[in-house]
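Next up, some structures in structure tokens.
You will see chain A twice below: alongside chain B first, and alongside chain C after that.
Our next item is the complex of A and B:
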């Protein structure tokens, strides 16, 4: 009986975590950037670049993984009668939060999912990000305990719920039918890509399973702190274990601080970037992956958050806020990271998150 | 009765947690509008020793928690 209870509680989550971890390994083997496989923040940033919203030539491509995740979640939500068109819970605030979650993630060079994938590749520079993510989640939990809420969403017309899935279908159509309208990286991470059909299929599978399991990288730690509920955390840990084991078997595990793929050693700003992303994710009710899933389920507020993240990526690259990886020039190891503008943007992000957190606490009559 | 309809994760559970921690009611009703909220509230309530029953109400769900 106990075993049955364990399987009922954790089975789907562990399956989803294992599939996401395996998907990251598969996509890396199929051509996506190392220690990435897939990264929600990086891939939304690549989409922003492909659309010409920023002009960083190394990070431009319509990533079919993102399209697949949203459409996979939508198919799952329809199949299990969970698709509900809902919106109206502080959409403008969510846009801004999404924007700063992206700025924080790009300061670190990865969303919470990629943070775990980097850890699974032995990238010790991601430890600072993990610690920052924990700190950010704790900050968010403090405000949740005080009653923070962005308020209710309400039923809306089906068209609103289908908005982001339709945008994603449109992006897929552009990629396949009118690639000449788009920008594609010829070097750098944006040029490293699996065949589109592989990316799309993996995205669909991940979207479907993440919708069923409710996988959320921020929710796992939040629920552990807030409710002593470890269900979602099981997914987080399973991804980490799966990627670690896969990399060890394939000989790709490199336990080191140095020369890690698309990563930098500016530890303080890795910490702060992920703290910003973690805190923002708690205020939004889920990590960047979860926002894609919710948008696929018909949640217009999550769709606005995703659009905010794409805008944040454009701003990050147009104003030089994003992190640069460590590099080696003429045999000299050069530490990357963010510049003064990026530091100011991250600091501004904390000020915005604090303001949003305080402004959405219950009034005296509601407390 | 807690009305957590339209509130995003984890608000329905946080509201339930607050109500239970405040005065541990023998019976608590929670209204939610998403299956994920049903699952989260049920898991938390059961961890606190409550039995749970779910009743669909149109597009919403009414959870009844009994100690």
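Our next item is the complex of A and C:
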């Protein structure tokens, strides 16, 4: 009975976390960058680059993983009669929030999912990101407790709910049928990729399971802080454990602050970048992965958020806001990170999030 | 091991709705607590109010009177 209660509560979440962790390991083995088997922010940034929305040559590729996640979530939602086309919950505000979540994530060099994957690879520079993410979640929870809301979504026509899945199907068609229209990195992280069918299949599986389990990096910590409910957090922890064990077995675990793949040692800005991403994710009701899942379930507001994140990625690279990884030149270790423009953008992001948080508190008559 | 018991679970369209319901119930001394909305209710990962089933009618009336829009009332074994 006790086992049944545990399985009933945590079984699906642990399964989803294990599959996502294993998927990250598999994709890295198949060609994706180290400690970046999966990264929603990085992959959306790559898609922005492939479409020519930014010109950072090292990060341009239509990542089939993102397409697979959205379509996998859609298939799951249809299969279990949970596809609900709805929208109307402050879409413009969500676009802006998505944009700044992306700027924060790219300052750190990864979304919350990649943060966990980096930790699972022994990347100690990600600890600053984790602490920042926790701080951002707590800031968001404070405003949730005060009654923050972007308002409810309403049922809309099916076409609205299918918008992002259709965009993703279109991107897949471009990748397979008209690659000449797209940009492809020839060096750097964007050039490191698993075979498209493997990426797509893994994305579909992750999207399907994440829809069934409601896996969410931000939601897990929100529920732990707000409700003392650790169900969603179990997925977060399972990914961490799975990736750690997998890397230890494969001999890829490197517990260190230095020379970590696509990571920097500018700890303060890793902290602040992920604090921005965490706070924004709570205001949006889910982390970047969760936004893809919601969009696949027919949520037009989440679709707008995803488009905001892609726009944020383009802005981050066009204006030099994104972080640069640590590197070694002529035997000298050089700390990467963000420059002055990135620091200003992250600070502006906090100002925007504070304004959004305050403007969406209930009036005195509603409180 | 904790026994499962019948509960009235109130789901909301927004987290703010659940928070407002909690404030109302605390103010009026109505038993219950916030929970993560059960997966059997919705694929959303929001927050719900869980109360003893005998309070269902009172909750329906008081939430309506207070202008707090519930998405649904669900009788569940939790």
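FYI, the second predicted complex is superposed on the first by the 367 of 367 C-alpha atoms of A that agree within 3 Å, B and C clash if a C-alpha of one lies under 4 Å from a C-alpha of the other, contacts with A are read in each partner's own complex, and residues count from 1 in each chain.
The rule we apply is simple: a residue touches a chain if its C-beta (ideal position, glycine included) is under 8 Å from a C-beta of that chain, and two chains touch if they have at least 3 such contacts.
These numbers come from a predicted model, not from an experiment.
With both structures placed on the common chain, the touch criterion links A:301 to chain B but leaves chain C unconnected. In the superposition on chain A, A:223 contacts both chain B and chain C.
When the shared chain is aligned, chain B comes close enough to touch A:155, but chain C does not.
Contacts of A:285 after superposition: both chain B and chain C are touched. When the shared chain is aligned, chain B and chain C each come close enough to touch A:144.
In the superposed model, A:214 makes contact with both chain B and chain C. Of the two partner chains placed around the shared chain by superposition, chain C is the only one that A:362 touches, whereas chain B remains out of contact. In the superposition on chain A, no contact is made by A:318 with either chain B or chain C. In the superposition on the C-alpha atoms of chain A, the part of chain A touched by chain B in one complex and by chain C in the other spans residues 80, 82, 144-145, 149-153, 214, 216, 219, 223, 226-227, 229, 231, 285-286.
Listed in rising order, the residues of chain B touching chain A in the complex are 5-11, 13-14, 17, 33-36, 39-40, 43-44, 47, 59. Every residue of chain A that touches chain B in the complex is listed here, in rising order: 9, 80, 82, 84, 86, 88-89, 144-145, 149-155, 214, 216, 219, 222-223, 226-229, 231, 284-286, 301. Of all residues in chain A, only 1-2, 5, 12, 77, 80, 82, 144-145, 147-153, 211, 214, 216, 219, 223, 226-227, 229, 231-232, 285-286, 290, 297, 362, 366 touch chain C in the complex they form. Across the interface of their complex, chain A is touched by residues 1-2, 13-17, 19-20, 34-36, 39, 42-47, 69 of chain C.
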